[in-house]
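Labels for the chains are A, B, C, D, E and F, by order of writing; each one numbers its residues from 1.
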Amino acid sequence: MGMHEYIEGLSNLETLNRAPGFFKYQEHTVAAHSFKVAEIAQLLGDIEEESGQTVNWQRLYEKALNHDYTERFIGDIKTPVKYATHELRRQLAEVESRMTQNFIENEIPEFLQERYMRRLSEGKDETLEGQILSVADKVDLLYESFGEIQKGNPQSVYLDIFRESLSTIIQFKSLKSVQYFLNEVLPDLLNEQFADRARLVAISDELLKRQ
Amino acid sequence: MGMHEYIEGLSNLETLNRAPGFFKYQEHTVAAHSFKVAEIAQLLGDIEEESGQTVNWQRLYEKALNHDYTERFIGDIKTPVKYATHELRRQLAEVESRMTQNFIENEIPEFLQERYMRRLSEGKDETLEGQILSVADKVDLLYESFGEIQKGNPQSVYLDIFRESLSTIIQFKSLKSVQYFLNEVLPDLLNEQFADRARLVAISDELLKRQ
Amino acid sequence: MGMHEYIEGLSNLETLNRAPGFFKYQEHTVAAHSFKVAEIAQLLGDIEEESGQTVNWQRLYEKALNHDYTERFIGDIKTPVKYATHELRRQLAEVESRMTQNFIENEIPEFLQERYMRRLSEGKDETLEGQILSVADKVDLLYESFGEIQKGNPQSVYLDIFRESLSTIIQFKSLKSVQYFLNEVLPDLLNEQFADRARLVAISDELLKRQ
Amino acid sequence: MGMHEYIEGLSNLETLNRAPGFFKYQEHTVAAHSFKVAEIAQLLGDIEEESGQTVNWQRLYEKALNHDYTERFIGDIKTPVKYATHELRRQLAEVESRMTQNFIENEIPEFLQERYMRRLSEGKDETLEGQILSVADKVDLLYESFGEIQKGNPQSVYLDIFRESLSTIIQFKSLKSVQYFLNEVLPDLLNEQFADRARLVAISDELLKRQ
Amino acid sequence: MGMHEYIEGLSNLETLNRAPGFFKYQEHTVAAHSFKVAEIAQLLGDIEEESGQTVNWQRLYEKALNHDYTERFIGDIKTPVKYATHELRRQLAEVESRMTQNFIENEIPEFLQERYMRRLSEGKDETLEGQILSVADKVDLLYESFGEIQKGNPQSVYLDIFRESLSTIIQFKSLKSVQYFLNEVLPDLLNEQFADRARLVAISDELLKRQ
Amino acid sequence: MGMHEYIEGLSNLETLNRAPGFFKYQEHTVAAHSFKVAEIAQLLGDIEEESGQTVNWQRLYEKALNHDYTERFIGDIKTPVKYATHELRRQLAEVESRMTQNFIENEIPEFLQERYMRRLSEGKDETLEGQILSVADKVDLLYESFGEIQKGNPQSVYLDIFRESLSTIIQFKSLKSVQYFLNEVLPDLLNEQFADRARLVAISDELLKRQ
């Protein structure tokens, strides 16, 4: 048992769409999302390091790259489902976690199991790298919803996602990298030309004032 | 000038197909390929480390993740074009490299330029991490061509790609991770059921014997 | 609260693919599958009626048409997942059933709730109509896998699905409509020209002999 | 001659798009449309029954499910074509009807021919079930055009379709199920957030006032 | 009334697929087919001219480029439909021809009507250019079916189309350009590597012998 | 060496998208674009001829049909790339031109090489036909950008393309066919209903006044 099954399974993430049927202009696969989150985490890590923090780069890349691998087993159903209660969502997370364990025991050679146990478990912990992952995941979601808004999609659900993503990012505002994002990246995004610019600026201003 | 343009540009790589029109059953985007190469490089790095090598994980992830970012500027045209001579290919590479430089000067804040100059330049150097990238890039291409062969695509060009990828991987056979791939992963791949199994086994055997 | 949400939600089933990433030549949406199962159930009902059985047509159409509506809530993950144990699959079914209940309570007006409770619960019961649904669901799956085999897809998983579907259909061989399917429809299917004809005939013969 | 050809032909309706090239955000196949019309007819039948009418459920489901099967032969060209006169459209309908007859004689076993003659002929007659089909067909078209309007498609042709669909529905306003649709479903639809809300409300109000 | 409607209508032909649902590996739009037929006709015209024939190039390009424009009105339903008799097909052709006339009268300015009447009527007449169009149309169809066969599509219908196309081309074998195609182009096509090569060679040999 | 490779290569242009990832509502292949440009050139040629000019129809069709064939070799990267300087663009054009030459020498029989050298080189010269090609190429681009604007795409880049296309067309305003386009076609286009009508009219008026 080598890692053939693991490598071959990567292509599943190339065909698995995030939130199937949700995005109207551009669909996003789990593989592409993982790539973008790793790129964004890399940038946030740069800022932290430039600000004097010590970044464990191995952990940061590892967390970002692998954080959605387990969607292979149960799909993207952790995504808020309107009719799922908190309890039902907890049950789904548990099912996913146990399928992941079955996968590791069946497909990963023993001498690598510990590494993959770490990589395929929840990465959003309290470490600096875990916090950067939480932020990077939401930055990509914010850009995904912005992609819809920018192209004129008038459904309010994208404004909701934008608001909710930005709101989560702001919770990490003690991080220098989040301050950089809010001060240097977000204004450029809001300066682009698009139909709903006024509403997006209003939402952003309101969230930023509340800090 | 923050990094808005850089982050927004990531979604270009989500829509840019590798070798447009080449793969018949499953297309691959540059973003998904980058994700898979980083995952494969991570695995090869594991094996090296378990074999006693020292892996610079930051460099390894960085190289793998960013190695095709510059395709954003000129597309996937380094791919062998039948009518391009060696000289024409060299000219194209030079054009790409100068566009990359223009991009970094225009879009990356000065304090980050050195980091991105490193990330967006050729990563396949003589270091252990550079060699792992060379192998990981070909392992993904080998699996991409296998994906076509396995689904019954009878055009010989996929067998050619499989052969050429495996042949390049074998050139790095002094690496423990390549030995692991040849001994533990490739046999499982060749054991799957598919129409052209006999020819693929023959190709592999022949290449492996020549070592 | 009228039924706007219910009607609008039908279009979710138009975009939700069955077993995402599984079928290579032709994808099937839940809406199209439901249509085909209802058409097939209608035909099986015809045969039963012509054979002297009494068919409750309202129940038959209702069962067939609505049998996968609840996939809207949790997707097509009841599909055999390699790493899900029996226990994990039971938990998923329970989660889906409770989300369905939440949906009915929140979106269906009270005077219609009983009807939809019946329609959105498991339809494959011991009644003649429930048995026909079980058969029709597998006949469509058999044709879906045949669609892949016929187009030359050499992966053995489609032969497995064909075998497993036919095997389930045969379990209901006391039904006149199943006898009709085995004697009058299956032979025409096996008479079509395709690469793997010999293997498919062998599989079918073997299953039919075992009866 | 069993029904293999009929069952296999169902998958044609999975790949045949309604009004090819017309819908910009979401295409609709004939199979998915048939499923949705049957679901909507089921709901309208519920309301009629709750209002004391006797519904022939077998006929209702049968009409709704099969009403567009014959598009398999000539495609969706009954759709208003700008340059077709009334006379030309009549000729096309006749051609389609004769192809259907050829199909039934060649592919349906004799003992089932009468059933399929009934199912594949025009279902929109004066019976309660025929009227419900007329309404359900337009409710789905109304939602299809609403899907475009809601996503911001500014071309006036979708408003025209919305108007024309609603106008046909209103012609059946003596049906309790239509009154329910106008009073309980349409207001929820018009309450959703979308760019052209004002114009859609105006169109609806105008049509409703004229009654 | 200028030609805005005509130009805008060209994009309809970009979205209209030839024989919808027929080709499994690569769909072909009417616009792309028209382009390819014009390119092939250009090549056949070259050969005629090199062989000493006089080619009316304006007529040749005009015929090839516009020969399927009228599919805009009635779609690609002249394609052999299994259940259409010769009489029904004639009726459809008549409907299409009258819609074309309505279009010209309504949308083309009077001073250009004669030109478009010529361009949008049947081009496959007895002139050299009309014969070249007949051949070029079939050469493209032959390559379209070859595209399926070459990629391993085992359904015999593509062999039928290949045979029927080649058979029509051979009927024009008194043309030098057809002799060139049979002697210089077809052998290279048959020399490519693909699964069904033997059968295709056999079909071609048989047809060529019968001459 | 016949022309098999040339004919087979036509289908590459069917799968090659213009400006990949740029158009959001409707993608355009190089084959479809070539067809449309040839149709538009044909119309512009009509007007010139009706105005008393002598049109070399063979050259006009030839130029229009073949003007983008060489994109097969290097893709659509002559399209303004933000980070390409004038010098880099010149180098790319040179690479493309030399690949074209390699193609002609390797794949076109000698007795046809001169014809294809003419067809595959730059067609936008000072002749009437070369000028018509320049205009037709921009008219199609103008309609492609209008297709996005009309469907509500609010990104200003499509207005930029519209402006730039119209501006180039106006440079050829000494041609009768351009006068016809500006006076008889453009007003009908601007009279259609769409969200950004006011801005498009303003842009057009401004450009037309500057003449």
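Just so it is clear, contacts are C-beta pairs under 8 Å (C-beta built on N, C-alpha and C of every residue); 3 or more make two chains touch, one makes a residue touch a chain.
As the structure is a prediction and not an experimental result, all values here were calculated from the model.
Participant: Would you indicate which option in E-F, D-E or C-D repeats the interface seen between B-F, with over half of the contact pairs matching by residue number?
Facilitator: So the equivalent interface, with over half the same contact pairs, is D-E.
Participant: Compare the CA centroid of subunit C with every other chain's and tell me the farthest one.
Facilitator: Max centre-to-centre separation from subunit C belongs to F.
Participant: Averaging over Cα atoms per chain, report the distance between subunit A and subunit B in Å.
Facilitator: 24
Participant: Could you state the distance in Å from the CA-based centre of subunit A to that of subunit F?
Facilitator: So the centroids are 41 Å from each other.
Participant: Going by the contact rule already set, what residues in subunit B reach two or more other chains?
Facilitator: 15, 152
Participant: Show which residues of subunit C lie in contact with subunit D when the two form their complex.
Facilitator: Listed in rising order, the residues are 1-8, 10-11, 13-15, 26, 28-29, 31-32, 34-36, 38-40, 42-43, 46, 50, 57-58, 61-62, 65-66, 109, 111-112, 115, 139, 143, 147, 180-181, 183-189.
Participant: How about subunit C: which of its residues touch subunit A in the complex?
Facilitator: Residues 12, 15-17, 20-21, 73-75, 77, 81, 83-85, 88, 91-92, 94-95, 98-100, 102-103, 106.
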